[in-house]
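Letters A, B, C and D mark the chains in the order given here, with residues in each chain numbered from 1 onward.
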Amino acid sequence: MQREIKKIGILTAGGDCPGLNPVIRSVVRTAILKYGLEVVGFNHGYKGLYHNDVTELTLDSVSGILPIGGTMLYSSNKDNLFDYTVEENGKMVQKDVSDVGVENMKKNGIDAMVIIGGDGTLTSGRDFARKGVKVVGVPKTIDNDLSCTDYTFGFDTAVSVACEAADRLHSTALSHSRIMVLEVMGRYAGWIALAAGISGGADAILIPEIPYDIQKVADSLKERASRGKNFAVVVVAEGAKSVSGELHVSKVIEGSPDPIRLGGIGNKIAEELESLVGLEARSTILGHIQRGGSPTAHDRILSTRYGAAAVELLMQGKFGMMVTLKGDDMGYASLEDVIGKNKAVDPSGELVSIAKGIGISFGD
Amino acid sequence: MQREIKKIGILTAGGDCPGLNPVIRSVVRTAILKYGLEVVGFNHGYKGLYHNDVTELTLDSVSGILPIGGTMLYSSNKDNLFDYTVEENGKMVQKDVSDVGVENMKKNGIDAMVIIGGDGTLTSGRDFARKGVKVVGVPKTIDNDLSCTDYTFGFDTAVSVACEAADRLHSTALSHSRIMVLEVMGRYAGWIALAAGISGGADAILIPEIPYDIQKVADSLKERASRGKNFAVVVVAEGAKSVSGELHVSKVIEGSPDPIRLGGIGNKIAEELESLVGLEARSTILGHIQRGGSPTAHDRILSTRYGAAAVELLMQGKFGMMVTLKGDDMGYASLEDVIGKNKAVDPSGELVSIAKGIGISFGD
Amino acid sequence: MQREIKKIGILTAGGDCPGLNPVIRSVVRTAILKYGLEVVGFNHGYKGLYHNDVTELTLDSVSGILPIGGTMLYSSNKDNLFDYTVEENGKMVQKDVSDVGVENMKKNGIDAMVIIGGDGTLTSGRDFARKGVKVVGVPKTIDNDLSCTDYTFGFDTAVSVACEAADRLHSTALSHSRIMVLEVMGRYAGWIALAAGISGGADAILIPEIPYDIQKVADSLKERASRGKNFAVVVVAEGAKSVSGELHVSKVIEGSPDPIRLGGIGNKIAEELESLVGLEARSTILGHIQRGGSPTAHDRILSTRYGAAAVELLMQGKFGMMVTLKGDDMGYASLEDVIGKNKAVDPSGELVSIAKGIGISFGD
Amino acid sequence: MQREIKKIGILTAGGDCPGLNPVIRSVVRTAILKYGLEVVGFNHGYKGLYHNDVTELTLDSVSGILPIGGTMLYSSNKDNLFDYTVEENGKMVQKDVSDVGVENMKKNGIDAMVIIGGDGTLTSGRDFARKGVKVVGVPKTIDNDLSCTDYTFGFDTAVSVACEAADRLHSTALSHSRIMVLEVMGRYAGWIALAAGISGGADAILIPEIPYDIQKVADSLKERASRGKNFAVVVVAEGAKSVSGELHVSKVIEGSPDPIRLGGIGNKIAEELESLVGLEARSTILGHIQRGGSPTAHDRILSTRYGAAAVELLMQGKFGMMVTLKGDDMGYASLEDVIGKNKAVDPSGELVSIAKGIGISFGD
């Protein structure tokens, strides 16, 4: 056991994700109750680490946050202390200010950090580990596309919200003989679309991993209509691509680190299907309601496990690691191995295969 | 009591609305169990009346439909037998085919009709009443903007879905210091926006009845930020208008009976507020998930009351009437008086006044 | 306008009820933002008034409490300062200590009080009013049985929880050919049972206002079985009485101010129906989950209206009054008129009549 | 591939469990769409197999059942064709009538059976397999205590219902300084209690696998109260045992195959804790609402996987097997190995250890 660890810091960064508060609660309670540690949180992610914006975390601070969405430590997007925007001589310049972060950890007497975030956040985590900081990462993404771990918290809640939306669209589809298109999150991976589609009874699911031919989707819906089912629900990931390789981009934002803004493909799919199938089609873009709000029971348990396992890793001296879930077991992987990879849906894996077996079209 | 009524017909027309099935169930059960009537349903609204597409409705047919969204009789939009599109000599022409409808009622031995729908559907209902058909109307609109009745079924469910969405957006707004804009239904009236805004803890609510000055909305959010609350949730009705009288129209559809398609104003509001307030803003357009799915307990009771009251009206010989809810009492109003009016939110009424009193900005 | 009112106090007492936090929030925000008042809360109901346990209430204190169940001011049951248990010379005696309460109001500079509670709590409210305290009462009961007001907040949430439970029991009833009995709250009035029964598709509803003959209930279920429906859902209020006048009392607690503990009648009904109908029967006692947790959108709006109206009453100098809802309008009634009455379900009113019309048995 | 399989039968038996309909749907759709098989269902479990009560299952029959609780094939408890109650010469006798079942399979041209149920149901499944019937079993239990598989469908829904109940009880506990005890299902295993307790923020969890000392539970709640938290939520499995080995039995039913009826331990625990801790305590017995109703998205996916995997097993000729989930992979195990075992919570496993680490008492 790491006897030299007496005080740990936590921060959350990146997009909102149901389960952040349960992770924080679990880290804090395990650290205090099991190991007698002190805990502080940096507010607003790396920005707070830079500005030394800290909060002491006690049993009381985390009381009641288990069912609450968001993160009590706030978050911020795109703040990278290794390439940070600071003002110098009246100009905004990009600079490596990670030393300020390390210094702030020291100022607060922090022996080790739990960093909760997605690929970008964990890249900085790895970079701090390379600088000698004792870091343990906790994977966060509602998209479930981080490598080395089977499931991430927040995913079940996102799927649950999307599935309920699909249920609601079903009644309209059926009553009005319509095609209802539901666009869900997933720029690079189709996990949410796949799970929401299977649980929501979709007739077609379009995901980035399986380029779709809209004519084939239309054909499957026409075949369905010929069996008397002249309505359908189609679930589309925002990053779904047609076979021509074309991505639907609703807007290009100049100078953005993420140069294009996806989303809106649902509208395009609805228009195309209306014309090809000959049924009225409507689309709904689910958007941010997938990311916020109270986590499901499932996600609360998973978050609690991730948080506790992060503290265990620290106490076992396994630094530079990320907590993982493999099968039903908690494990870990090196941050070096996790970063920059995308865990894609396997087009010939079990889930897609089952979905095809029950008649869901992927447009391929 | 109307002893001459032995058999009644039902149809549902217009957009989807949670509670349609409970209304049908209540009409059928009351008619059969209380009055020993026979009941048939026309499928797909007026289209089914034209094509004589009928279903016998028994206790068994309506078993289990109470919690189910949509309408077991299907619906259709914009089909008006008094101005119907038919083919004649290879050409599509508009014609009054209402006599075919009346004849089909006779063919099925129907003595009176329960017609469930919104303003358009009930206009035809009134027109059939003028032709001597014994009609009772049941008001249907999730927008709650039909005149002569305080609340319509489906409204509570729509508000409940929108409120849950606002809850989810709150956690993201708070964690990320963002303005989250939620666009809800309401082209001509702001009832859903008002109720979802109050129940969802909105900081600003924009509705058609109160033209907004975006600068005033921004000022109220800046004042809020100056008190340390640098996040906000804004609920916008799709038909909200700025003080300049401008309506946001996302798309003009040529030749459509509804010449413009509203919606998308949420995106515009988000962009304007981001620039005026200086906080990141995101928008979510809730769309069709407000209209579908299982009705709330409240709506199931209200629907059951509307359905039962419709049969009572028929049995009391009050034809050409629409069932109404005034306060907590069921009543009725003449279809002649209901049609073509819009029940708007009163800008100086109690609800708006309460909302303003707790600090919600309407941008006025 | 009451210019002499500068500071108000609030307390909540009695059983838990969804909507208490929204009422507090609405009172605080309206008082501060609309009228520039100061607000303090007494914790733990009258107990806190006695012990001068106060909290300053600001916009910040009530931030985020809208969707949260319970009351941020805590509550206590059965504490009546006009007949309070205190220690004197080593003995517990009952005493009128209301002067201590009045003194504590003065100590805190409180000009008027908003008292939120049920019949017992409001009786003390009236008694304080008689002593000259400027009191406005807000009615609180999930049972909806307070007189002079149509609906109380918390009721819609309780019905919604009970309706969802009935939905869940339906699937088991149908799959297993069983009678599922659901016992809900309602000692003296059957409002929850009636509303949950109608919205949850019950086949029989037993309420205190309509003494039931179990044989008649059984007969109606047998008739149903003869039509092929050999399953049923029965909703029972805990205070339901059989025609023999007998109340089911699960437990007598000596010396309790409420000498008998009701509840458990569901088990009795299930046993009797199993034997009389010849189908397996099971019972579920819903209990406290009806009283806790996040309020529905409907209840949040109603609570917000009640809270705002309470402040308006104070500012209009209407003391000794309780806020009421009549139809869709906020109003008020004298606390003198409200106390000690029970608003019962009318056995020949519209709701019962509609329920009977759709075939629901009340065992009468 | 098993070319000789052209037609399969399905039956569901035992207690209700959310996810049964999705399993049936998945079996039917996979069988028809992927393998071109015919499918029939026996109604009411083994009783229907005995009485040859069959339904043809088509794509249409399973349309719309995905979100619906219960089983469209109905179920029955305790009907075992190898020891069946039949009338002979006016007397009820126990007899092996399994040959009638085999004959009815033949009559319907059934080549193989998918049997969905718990330990009892699958025991008969194994016995039919021993008689040469081509059987594949699908494990069904909300209790999650079947051996050889990590998770069973229905469990996530049960946990989700129990977690929501715990959330609701929390608000009452906190507002009233009470101990709220929630009794959940789990006669022989504490899976639901453990998961509901962790996700619902319980302060103590009592399960059959860890005999509890009520004094130790009380001590942990007193320690909590000494930190200012004078309220608690305690989750208890119905089969929880005290260290004295004593089981709480609410009722002994003579001659029942399950001679004692558990349940009601929540009341006992509440009484004991009220007296030992000195805080008011109340209990809620969740009961059947854990077993019924719409399955969660998670359970719909898991059910769909189980159903599809069952058909795959049949087509691969793996008879006498049960479908399993190990980690995130579908697999199978011999029915011979599954039967009569109980998968208990490991008192020193990861979940219990995490729960203890965050301060949850198990009374040991």
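Things worth noting here:
Quick note on the criterion: a residue touches a chain if its C-beta (ideal position, glycine included) is under 8 Å from a C-beta of that chain, and two chains touch if they have at least 3 such contacts.
Here's who's who by UniProt: A, B, C, D = ATP-dependent 6-phosphofructokinase.
What you see is a predicted model; the values in this text were computed from it and never measured.
Using the mean of the Cα atoms as each chain's centre, the chain most removed from subunit D is B. Here the spacing of subunit A and subunit C, counted between their Cα centres, is 41 Å. Between subunit A and subunit B the centroid-to-centroid distance comes to 35 Å (mean Cα coordinates, whole Å). If each chain is reduced to the centroid of its CA atoms, subunit A and subunit D end up 31 Å from each other. In subunit D, the residues that touch at least two other chains are 164, 167, 174. Taken together, the touching pairs link the chains into one ring where each has two partners.
Listed by chain label, the pairs that touch are A-B, A-D, B-C, C-D.
Of all the residues in subunit A, the ones that touch subunit D in their complex are 25-26, 29-30, 33-34, 59-60, 63-64, 66-67, 150-151, 156, 159-160, 162-164, 167, 174, 195-196, 198-201, 227-229, 296-298, 300-301, 304-305, 308-309, 311, 326-330, 350-351, 354, 356-359. Considering their complex, residues 12, 15-16, 18, 20, 44, 68-71, 74-77, 161, 164-165, 167-172, 174-177, 180, 282-285, 287-289, 291-294 of subunit A touch subunit B.
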